[in-house]
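We call the chains A, B, C and D, going by the order they appear; numbering starts again at 1 in every chain.
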Amino acid sequence: MKELKEMVWKSNLDLMRSGLVVLTWGNVSGFDPERHLMVIKPSGVDYELMKPRDMVVVDMEGKTVEGKLRPSSDTPTHLELYRRLGGLGGIVHTHSRYAVSWAQAGKDIPAMGTTHADHFYGSIPCTRKLTQEEVEKDYELNTGRVIVDRFRDLDPRAVPGVIVNDHGPFAWGKDPEDAVKNAIVLEEVAAMAFNTVLLGAGDPVEQYLLDKHYFRKHGKDAYYGQNED
Amino acid sequence: MKELKEMVWKSNLDLMRSGLVVLTWGNVSGFDPERHLMVIKPSGVDYELMKPRDMVVVDMEGKTVEGKLRPSSDTPTHLELYRRLGGLGGIVHTHSRYAVSWAQAGKDIPAMGTTHADHFYGSIPCTRKLTQEEVEKDYELNTGRVIVDRFRDLDPRAVPGVIVNDHGPFAWGKDPEDAVKNAIVLEEVAAMAFNTVLLGAGDPVEQYLLDKHYFRKHGKDAYYGQNED
Amino acid sequence: MKELKEMVWKSNLDLMRSGLVVLTWGNVSGFDPERHLMVIKPSGVDYELMKPRDMVVVDMEGKTVEGKLRPSSDTPTHLELYRRLGGLGGIVHTHSRYAVSWAQAGKDIPAMGTTHADHFYGSIPCTRKLTQEEVEKDYELNTGRVIVDRFRDLDPRAVPGVIVNDHGPFAWGKDPEDAVKNAIVLEEVAAMAFNTVLLGAGDPVEQYLLDKHYFRKHGKDAYYGQNED
Amino acid sequence: MKELKEMVWKSNLDLMRSGLVVLTWGNVSGFDPERHLMVIKPSGVDYELMKPRDMVVVDMEGKTVEGKLRPSSDTPTHLELYRRLGGLGGIVHTHSRYAVSWAQAGKDIPAMGTTHADHFYGSIPCTRKLTQEEVEKDYELNTGRVIVDRFRDLDPRAVPGVIVNDHGPFAWGKDPEDAVKNAIVLEEVAAMAFNTVLLGAGDPVEQYLLDKHYFRKHGKDAYYGQNED
């Protein structure tokens, strides 16, 4: 687990340096699919003071396996996503400004151009609101459940992020580093879509352009970058 | 008082580094409840040149007890809040951009999501305008009075900040450091609420979600962070 | 002149560091009222490469008295303001984003709160558009003239800045450093007024609040800061 | 080619430092008109790790002449512009926020003030959308073609940039450094025009002011800067 703890720790620092995080409003986790363990940032600790050894290792039921600090209060949300979305190696939660603004408006972030299409195959979905019952009991677990529910007909590998209604974004990827990258993209396209709407133009990108850009960078026919095929 | 002067000095520097302050538009004070003394930044002095010994100590009537420089011109406002809101250990005043924009619009900053609810239990209230009489005589004291008046039915510990109509924000906390944190939160949620309104969606968050998030981090059942219970 | 050249050079660097300047879009000048000479930044030179000795000294007719480089192409505008507004010791021109946006909209920047009132006694005026004749011949001089014309009934010491229609802001002060400060204020209040208008609230501040804030910091009854009375 | 590779490498770093680039969303190329060779950034490589020797040299048909890495996937777009617009020495592509917002809105960026007019002689045009056929086959080449088509009646030296519909900006210049400068200008005037439109004022600048500003800095009668005539 030492390597994954290092990676989760580094990704939490990268997230802070990205400018997406105010105070301690963000967390990154990583998943070890062989041992079925999750590594996550401790709750409410200053980014600058954290060490790799402060990362908390929990099992799939949220029981702490390694680490002295309390895991992030969002732990049950992360666990639900690893358990049920499939194939995720890292998850990031932030309160980045534009993504939160769309979440507070309760609207999907529409795919309005190729910047979006390069990374998200279609709108970044906004979940439904949680009910009073879902909020009052097992709130963090239910946050994961409304995300899973929202992805019933969506492929989480093609749409690596979501905004939770009235709350904010979760993004994910094949590992913690990739999840941080997708959180950065999510915030940037949220800002671009915001501006575009304010300019009075709201048409999503054409399906064929969405296909082109997404599959140019993903899947078996990808031809972008040095390392992807 | 040496320790409190150090803390007030450091918090003023932290405030400047937070990006909330243009030129010298901001000040932090701290309160010693046992000796009934307030420590505050001197007026119109460059943040970079200030030393801990430049902090001014005043009594509850505003008389300087220690320090050679004139205290911040907002001193009577701070004093009124310490005298009448109860339980405050630090106060911050800024002219941060989005908070001022709401103050100039004369509107409460609505609680539109969980980022807000995590720190402010409900709208961040905007005071009424001061009358001509209140402005012309004892202006800074009267600024404190309209804030106190606005909190007649509000708990200042649950809503640790306010925007003064046509002016700007004051935030507070259990100590100067905590007050700076709340000033940062106030500005960030002001920006998020601004964006949300521009997206054409203006519903405040549900009461049950507000309750959940606020009490998750505050009060006797809190379970967020390492040090709070 | 050595001292004034140092100060103009330093103020040009301060202006760049303030974040108001993109590329080389800005210039600061200073005025020596005894020798009737102006010192100004050279035209189109990188801020980082400039030395104090590169500053250009010109007389009131714009003839170079000292310096090997061509003075800023805005020299005739600066000279007209020193000649006819009276009492100016420094002038700054920028293309800062929000001030330009108001200039492009052709609207005065309204005084909507105390941040504005602390530094500008009333709206920051927008000039009329220049006519074709004024643009084609002696353009820079005529830019100065429309500013002077706009100040026919305004006191340039109480309103230390202007926006030129379709162009951008000029700010001034008692010396180059003070002018830079006013350029920073002008941009910040332009941004705040922009946000306030977008929030759907457009009332300027009351006259009595404007009076209070302006005269709290300026004139014989000022009581703000350590050095002003 | 060593010198051009150094310049292209340095311009790619300058572009990153300009704040216009998120992750690796940008590329700069340079053109050697005598040898008919283009130097361009490799695809998907971290800016910080790139060395001058990583720059890829391709001929006018896109065949790699020097370099081990895959050239930017936008190579066919750059080549088409060098082949058919004439006189270009450097090209920059970014996904800068405001330029992309206008591209997503499918609108030309109007020339609303002198900041724009100093660098772009008229609106920064937005291309038509590509058809499904153009997207599915030879997409990057066709991106170049719609740009060339959009410039049928425009002078690329007078309007050194374009926004591709639903995609983002391309800017160019006499060399890579000049192209980076124009990309920075393009983003800044896109932001200013955005703000101006939101202030409810949408009139483009008068033709005579556009003429004045553009020709003050360009062409045989230019009198701005130390090095241009």
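Convention: a residue touches a chain if its C-beta (ideal position, glycine included) is under 8 Å from a C-beta of that chain, and two chains touch if they have at least 3 such contacts.
In this text, all values refer to a predicted model and were calculated from it rather than measured experimentally.
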*Contacts common to subunit C and subunit D (chain labels)*: none
*Quick one: how many steps at least from subunit A to subunit C, stepping chain to touching chain?*
2
*Cα superposition of subunit A onto subunit D: how big is the rotation, rounded to the nearest 5°?*
90
_Most distant chain from subunit C by Cα centroid_ = A
*So subunit A and subunit B: same face meeting same face, with over half the numbers shared, or different?*
different
*Find the geometric centre of each of subunit B and subunit C from their Cα atoms only, then give the gap between the two centres in Å, rounded to an integer.*
32
*Determine the centre-to-centre distance between subunit B and subunit D, using the mean Cα coordinates as centres, and give it in whole Å.*
46
*What residues in subunit B touch two or more of the other chains?*
198
_Residues on subunit D engaged by subunit A in the complex (per definition of touch)_ = 22-23, 25, 42-45, 69-70, 73, 95, 97-98, 100-107, 129-130, 132, 135-136, 139, 166-168, 194, 197-198
*For the complex, which residues does subunit A have touching subunit D?*
112-115, 181, 184-185, 188, 191-193, 195-196, 198-201, 203, 205-206, 208-209, 212, 216, 223-228
